[in-house]
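What follows is a pair of complexes built around chain A, which joins chain B in one and chain C in the other.
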Partner chain A sequence: MTTEQTIRSLDDPDLFVETPGTIYDAIPPLPPRTEREAEFYAMRDGEMLINLGPQHPSTHGVLRVVLKIDGERVVDLDPVLGYLHRGVEKICENGDWHHAISNCDPLEYIAAMFSEAMPVMVAEKLLDLEVPRRAEYIRVLAWELNRISSHALFVGWLALDLGGLTPVLYGFIERDEIVEMLAALTGQRLLFNYLRIGGVNGDLNHDFLSRLGDWMGNALKRIEDQQKLLNSNEIFVARTRGLGVVDRDMARRTLLSGPVLRATGIPYDVRRAHPYSVYPELEFTIPTREEGDSYARYLLHLDEIKQSIHIIDQVLHRMPDGPVMAKVPRLMRIPPGRAYVSIESPRGQYSAYGMSDGSDQPFRLRIHDPSFFNLQAVGLLMPGNLVADTMAIMASVDPIMGGIDK
Partner chain B sequence: MSIITRPWGRLTLAGKVVVPLVALLVLLTVLLLVGFASGALPLLLGLAGQAVGDNIDVVRFAGAATVLLLFTVPTAFVIILMEMKLIAFVNLRLGPNRQGPWGILSSTLHGFKVLAKEDFTPTGVDVPVFTLAPVVTYLGAVMTIMVIPFAPGLFGLDMNIALLYFFAVAGLGVIGLMMAGWSSFNKYSLLGGLRAAAGIISYEIPLILAVVGVVMLAGTMSLNQIVASQAGSFLDWYAFQQPLGLIIFFIAAAAETGRTPFDLNEADSEIVAGFATEYSGMRFGFFFFAEYVNLFIMSALTTTLFLGGWNAPLDAQPLLDLFNVTVSTALDPGALGMGLLFLVALGPPLLILLFTLPIWMLKSDWSFLKSLVVGFLLFNLLVMMLVGTWAYMTFPFVAGLFWFLAKTFTLVALFVIMRGTLPRVRMDQLMGFAWKWLISAALLNLLVTAAAIVVLRDPSMPWN
Partner chain C sequence: MTARQDTTEIRISPTNVAAVMTLLHDDPGFRFLILSDLCGVDTGSAMQVVYHLWSDSTPDWLRVIVDGLPRDDPRAPSVTFLWNGAEWAEREAYDMFGIIFEGNRDLRRIYMPPDYQSFPLRKDFLLADDAARSPGQGVRHMEQTFQPAEYRRTPVLRQGLGSDAGQMAPGIQTAILSSGEDPAR
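Let's look at the complex of A and B:
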């Protein structure tokens, strides 16, 4: 069946494309559903829509952004989310609390140790359970190692999106050593499934400790060596300094957290603001920067890596003896109630609001992912910049699509 | 004789190849016999020879173009392999190491892979322009090699406007990129093509202005004569008289060839693959090869203009005279008499054994056969080195080619290491750098050079 039909081109309303009606037809454009959509898709002279993603070499996952560009300058943008939506929160309600741990793992897949802590900590809070101190120290150790591995990748990705081939591989050297270390501890390289309600899955073993010792020996020196490639590189600084400036007002308005917030000069870190685990006993500073641009965010990540190494040092010196699991039944019925927990993930405040109805399954587990809120800043920062800078801004905010689309 | 009496359809594949070949050979033999017997063939050959002799320039052009087309592909392979290995070392990786020893076959296999891929033309492209774009880019790159003097007497054409020809033909490449960007029916391609046009045309200006200083010093645009005027030690190279010119030329050449940090026209993290987004198969291969051929010719031109071309950095003769060493490279095998027979018969086996035995004795886990193979290879290496040294000292073009390629590939390696080290600049920074800094610096360089020439070469000055 072929029928002649006319399809209006989105780019040029005067251009009509004559096509025979077959199954291969382009889908005719829908009428705009919201005012914002009508405003965005109304094209002025010389403007062009360009589809960034979901399959683009540098969108960090499956984020799709429709850019409206005039020449190379971004006029407006329309982010389209949901390509990685799996319904994690609903899946969590259908399994028991232990299943929720492994279901929450892939939310923040670069640093899974943080997202998997959410159901664990909610359940512990509802049970009013005291976690053994050794288990808490091991958790902090695993968290900080994972934070370093995530930040090392951030530095590499930022450079890769600016066209540098080498820093990403240097970043992966650090990440690979840490990931191998955590694999020795947990058995997995990416999605660890290590934390348990009431402790952790296993005690520190010889393989993990020997790898950790090898790595810690010259970690600080090696990271400082690798920074030399970028820190004073004229092109890198010219590309990132003054780019994507977040001011404090915008940071408060869009609920930013993590390095993006601290790069504006607000020293908000959940580890100090709302202490959890054994962080009050440890000594570390919260690095901040005043500029709020991509370069400040880059430098801040490096400072945080150094602070994390400092924390790991203290944890290894103070590691107490004792059990790594509290005495909890295998099949747990969590008392009814509501609990809110939040921790500091590499990307900001990772928090969860859990409800229990007294059964062994979560009634509701609402996850708050910092990447989603940090991504809002991207939408405010991109217009007015060049196409080339959109990548640098996105990389410097470092969103993880697993948690954004959930 | 059954193969001849069998009908064509029943022949095997080998038969279908062999039967026409035999028939062709029989026909050629008959024609040769008849031609020589009747005297027609010598007459025709003489006429053809005369035609070639009368149009020697055309023949030389055609021959040189063919040789260069054949020469560029292995050059590109070598540079691609070099890039893969060097960037791997910069990245602390191993690089390709599976195809052949140390992965030396990997770039060749990439070439075959590109040939074997589907040559796809997407819906909506402007087919003739889409098809011609890689050809234009590739030929624009290849045809510039014509004027580059590789060694004394080893060049395609010696024109008195060689530099002008070079820049005119090299400028054709950007038309190919624009054609690709425009015809691809893809917005990323369009952005890439326009970036290429804007960037490359902007950088042509400092590139050419930087060369004018050299032209003024040499007084000619013929590349052969520019090289000849740099003869002597390395202090006579124009790099020392035109240091600013060399730096400007090098930076502009990096932008001209679309190399990092100026590879905006195919910035993979921004506009996917730029103008080459919609290309596949060998059409993409042509773009890919053109990039590496461009890299080679820009390095070759830098060598020619600033680094003395095929001139050796130091003349060895004064050094040899100082120590009263006389090297005679005239080989007279007859002087050895019967010794020659012994040398040819016993030399190689003994030398191979000489290389083999220590390896066999020191490597306890190697079989004698394996040591023998390695010894044989080492012996061949020695012979090749000896023959190479002899050729270097006997034929000036071998020495010239050696120094030319050594300098050129050093520059290529520099470009490659730059790619492994630096991030990419932004479009506005790229243009600003060209128009604000490079052109000003090139004009300053020109002014200083002109003033220096006037002052230093003035006959009324006391130093003249």
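Let's look at the complex of A and C:
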């Protein structure tokens, strides 16, 4: 039997084997899988698809957005998530409750003190555990400091996405001081792993308090400096005012929360709507704005920074003495039950729904991240705007991909 | 310090979801205008969809548990007609649990790749390095295509969801009763 050697030319269509469809399929995927996808990929005359991300500095993480554009205008968009998905909820189910604290840390990595509070507060609620008052005050102190560091960075990023480099440097000055301060308190700069079921890990120390005192002295003045830098900047105001307007009804229907919701005039803040920790004892107002655009969101963040400084001031004056940890066993079995806790993170309502079956591991720990829903609303805000403005809208709702992709 | 018993809980069946949620949302006596959270739960015997609602008329959360969705074909009506922001939350519950929300216009996988086969947050999906619960089983591929060793003797339900890439409306195909052979060996 002789085999005939054939030399195939590169033009031979049989030379290339067709690979089965994968996630790297060309867009649009055919046939469409859902009604919405069919609608999105039905192209009209003059429309074009462009791919933004997943590695793009303005997407604040690893987010891919398929934009449908007509000239310079965005007609529609299809965000593609999952590039950062780690399955934190599943990992939490497979470790015990203490592991869940450090597993939840990297969700909202800009303000990790909020996401790590979730398993802690769920477990405390299921245990019906009384947290010492000093620990509650320290928690509020850490939360508000973290909120300021996150908001300071928001202002910088918003300006950066509009092309201004200076404000982000100012934002990082503020953030760096707070982060160093929290590092003195917790030992970590970014992912603190500081809260514990029944209290906090470690009391206030001298290094932290002296840094805090130095910073508090001129914090307000520096925030006002930053305000002056951008509020009177004509380009910044012209590019953010009237951009990405959310109205009240839409804000409620798209499950928005946090500054994006309050910029529409709804004074919904979990610290007041459903008080937790020692917030009922503290005086602060909930700043709101009526316009609902990017500029209102920017101004609201500055107002919230001032309120947080006000809260920190009260906390420092009222800090009670006492232990920082309740008496809890190191290995604990959480009684069976279901608990829902919710706190106000810099980006909105951070909540968790925990179920325990009586073992030392969570049966289910659902984390609700506000960035996830705020990013969804971006899909409704972008159409009709210029491509150059899409990033400004996205920056103004301040999504954190660590929490969106979980 | 914080109010511990601050959640009212009701349980409804999947057929009543649309009516109950519309009543809670629209009735001036309830005014549950804010949907705080929507998630899926696998209890091991049945699937649940859990909603948390907030109203300015009461300080309590309202937890609505849609109970008793069968594990082999969990279906619940979508609430996107009241809150269109629930769309992504329902996509997430579909992605993680395989719960089909009827009426959701965009029920695709949201985190996992489109050609992914299983539902990671289900209780019968074990992690590859899940040493605490399945000792000595070695390392498996993350996507579970066969059952763990201790269940191998008995016929078990396996999710036979083909790639939903070619379907207009995604759906769980019939669950396959597997005889328990290990295809990897």
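Operating definition for what follows: the second predicted complex is superposed on the first by the 376 of 406 C-alpha atoms of A that agree within 3 Å, B and C clash if a C-alpha of one lies under 4 Å from a C-alpha of the other, contacts with A are read in each partner's own complex, and residues count from 1 in each chain.
Everything that follows uses one rule, which is that a contact is a pair of C-beta atoms (placed from the backbone, for glycine too) under 8 Å apart; a residue touches a chain by one contact, two chains touch by 3 or more.
As the structure is a prediction and not an experimental result, all values here were calculated from the model.
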Partner chain in contact with A:Ile50 - chain B first, chain C second, else both or neither: first
Touched partner set for A:Val387, first chain B, second chain C, both or neither: first
Larger contact residue set on chain A - chain B or chain C: C
First (chain B), second (chain C), both or neither touched by A:Leu190: neither
Partner chain(s) touched by A:Gly164 [first = chain B, second = chain C, both, neither]: first
Contacts of A:Ile235 with chain B and chain C, given as first, second, both or neither: first
Partner chain(s) touched by A:Tyr340 [first = chain B, second = chain C, both, neither]: second
Partner chain in contact with A:Ile173 - chain B first, chain C second, else both or neither: first
Which superposed partner A:Ala377 touches (first chain B, second chain C, both, neither): second
Those residues of chain A which chain B touches in one complex and chain C touches in the other: none
Contact footprint of chain B on chain A as seen in their complex: 48, 50, 56-58, 72, 159-166, 169-170, 173, 229-230, 233, 235-236, 238-239, 386-391
Residues of chain B touching chain A in the complex: 87, 90-93, 187-188, 191, 195, 260-261, 263-264, 267-272, 419-429
Touching residues on chain C, where the partner in the complex is chain A: 1-2, 4, 6-7, 9, 33-37, 39, 41-42, 50, 52, 54, 56, 59, 61, 63, 82-89, 92, 96, 105-115, 120-121, 125, 127, 130, 132-133, 164-170
Residues on chain A engaged by chain C in the complex (per definition of touch): 21-23, 29, 31-38, 81-82, 85, 87, 89-91, 93-94, 125, 128, 130-131, 133, 136, 252-256, 268, 273-278, 338-340, 342, 349, 351, 353, 355, 364, 366, 368, 372-373, 376-377, 405-406
